[in-house]
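Think of it as A, B and C in the order they're written, each chain with its own count starting at 1.
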């Protein structure tokens, strides 16, 4: 590992972040201290390539359970690429290839025997732009459970997922209407509900609010806060305020320019409690970024 | 002009400058030429339609049923296109059963499954070039394969010169068109839709079946209908696989056993009648053309309207 | 809710394998689609194989002096290839004199000048023209173009002539040329036009000096594909150019003549089997192979031009 990537693992006894109190929204914290629970993911010297282009290199970190972990950093630093490794969405890109390990509860996700489809059922994803299927709201929710072979009561799953995503009251009378008729914010909450419907353990969110207005963004952030009691959330965001508001842990990435090929490779600079990252970062680059002097 | 600064900004002077030249003769001439090109093309189409409808009207109005159901004959007054319609019908069946599933399947493979390897690129280029091979060459293929090599299957008593051979030949002829248009429709499906499907743990096929194909459906349908219309209008391959041009006994039955007998089809009837010197055949030909155009153009127009409607909706 | 691995503390590679039945089905479906795609390779191989065998027999057994005689009369053993080759070239030249200006003009008008509403009306009309079967245009060429246009221009010309056939082929090719050329024009980015208008250029200047040069590769491709289509067109020539049995060498477009395609059609038409002396049957395949190679060459080079436009924008 390069010396500049001072990846700090959360250590025991670092205390509950005081900043959480500022959120003024008491939430049941089943996860408790992030450091005390066993990690959901452990990345071990992970590098990602597209063909010969190295997009991300030598990332090692542990993502805690039932916490919100944010990936922040300037454009082109490989945050999204890394996020997509966590449920093997990168498999859909022909030329993508990883080196190193992504351990999910100790199992390497890139093991030959592991099926990416099964991985994605357990590790759901919400995308940058709301992408509901051009079908009814009902069909959007039930598609996942149906392909996963769920035999149970689909109506119940639909209601539970929509309630969880705080959308039920708005759409309960028009479940058979097309999802394309919803507003952008509603569409994104529908996408979250759709991800919840297959009962995943982890939800990956790739800049979920970047296409939304501030009010819709606020509702999604509230929603994340609420569901993290049951789910581990990893979110990529460009918005530092958002990271500060919602996340428990925060990873800062940056891009180093490769002199020979004029390409950029993402590296992990620092990974710590969000509070520490914003109040007392260890690395100068993190400090420059979070104070707005760079990026 | 560059470098000239208005001496005054008085409103009158500014307005005059902004008006520019009153009449742009060069621009007008250019656009007039372009419009003329378009209008000549459209006029030719109109003249063609008028010419055949005018020519065939008397036949279609004086003896419509006899003409549509009658058999080939050397007397123009008795000649009918029943056998031709039958052949064209069976050709359509073969194209739908053979070219559509294989073509759409190939398009799905190329767009959804194929890794970007050398083999995939080779298949892709190959299909594009196949679409440009003249139809008469496909006729030779059909002649060599279905008539000669597989004659005992396609028509043991007719030397293989049957509607089976013709249908398979035309299915192969339009296969590249089906693949290319279907692949274009599939390519137009946004990736975000696929990602959404994969994101909730669907397999490739589940994503294709539930999301990609429904979205690409209208585009695929348009392409396949256009391809079908093309197959129904082709005559050159039929000559090569030996559609009957003279008389045809039987050849008007729609039962399956008759598939292995001699046949003719609408474009062949038209080709044959065009070359007949006997009086009356010119009007009969025009009438047959009106029928063929009705079939082909209605199919085309439906497909085009369908596509335009769905394009507007997106 | 299913037990969460984190809570129960157990997760193995096994549990991430998924249901085997679902994935067996998945790979079976994939194989079916691959087979469909591979069919295209099979067809290409069959074309080459079915042409090459008989064509090879022709090349090895033909008396070479019969390839350079006064005309193409295969049933009499006269295989003057230049007669039908020149016939094809003449028809193609006439056709491109029609399809070039009409197709390109229509494309530029539709892409640069037509208001969206006019475009929505005219484009389908062009597409309908593209769907007209070639036998129909053959009939039209013989019964209308030849007497009404060609014989008025030149009263000496016979009813069956290469000129009428060429015009017919041209009309048939026009929508194809227009469609490819229009695609090329529309793929020129709007920003380029705006840059030109921004400097105060007029529409005609923008079209001729900015858009057309930017799209030139695509326009060339449209023209080449038009040529390829015109050379391969059979029925219009078979009906309107006359010369069913064979043809003397002829450079006069107002006289009957024969093209490679029409020669193939007339050899196969009207008889139960291809009859004739010696190598008539094989000559059919030889001409077919020649035609295949010519059009392949044209299509491949057109593909190059198309890719050049795509790469640039």
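Points worth noting:
In the analysis below, contacts are C-beta pairs under 8 Å (C-beta built on N, C-alpha and C of every residue); 3 or more make two chains touch, one makes a residue touch a chain.
Nothing here was measured: the structure is a model prediction, and the numbers come from that model.
Taken as a contact graph, the chains are fully connected, with every chain touching every other chain. Remark: among chain pairs A-B and B-C, B-C carries the greater number of C-beta contacts. Farthest chain from chain C, judged by C-alpha centroids: A. Chain A and chain C have centres, each the mean of its CA atoms, that are 52 Å apart. Each chain gets one centre point, the mean of its Cα atoms, and the points for chain A and chain B are 49 Å apart. Centre-to-centre spacing of chain B and chain C amounts to 13 Å, using the average Cα coordinate of each chain.
Among all residues of chain A, those that touch two or more other chains are 117-118, 122.
Multi-chain contact residues of chain B (touching two or more other chains): 203. Multi-chain contact residues, meaning those touching two or more other chains, occur in chain C at positions 22-23.
Residue ranges on chain A touching chain C, taken from their complex, read 37-38, 40, 65, 104-109, 111, 113-115, 117-119, 122, 149, 199, 201, 232.
Residue ranges on chain B touching chain A, taken from their complex, read 115-116, 190, 192-203, 206, 210-211, 215. The part of chain C that touches chain B in the complex is made up of residues 22-23, 25-26, 29-30, 32-41, 43-44, 46-47, 50-51, 54, 101-106, 108-110, 112-113, 120, 122, 124-129, 131-140, 142-144, 171, 174-175, 178, 202-204, 207-208, 225, 228-229, 231-235, 238-239, 244, 261, 264-265, 268-270, 272-273, 284-285, 288, 291-292, 295-296, 298-300, 303. Within the complex formed with chain B, the residues of chain A that make contact are 87, 89, 92, 94-95, 117-118, 120-122, 124-127, 129, 131-134, 143-144, 147-148, 191, 194-195, 197-198.
Put simply, chain B touches chain C in their complex at residues 24, 26-27, 30-31, 33-38, 40-42, 44-45, 47-48, 51-52, 55, 101-103, 105-106, 108-110, 112-114, 122-123, 125-130, 132-141, 143-145, 159, 161, 172, 175-176, 179, 203-205, 226, 229-230, 232-236, 239-240, 242, 245-246, 267, 270-271, 274-275, 282, 285-286, 289, 292-293, 296-297, 299-301, 304-305, 308.
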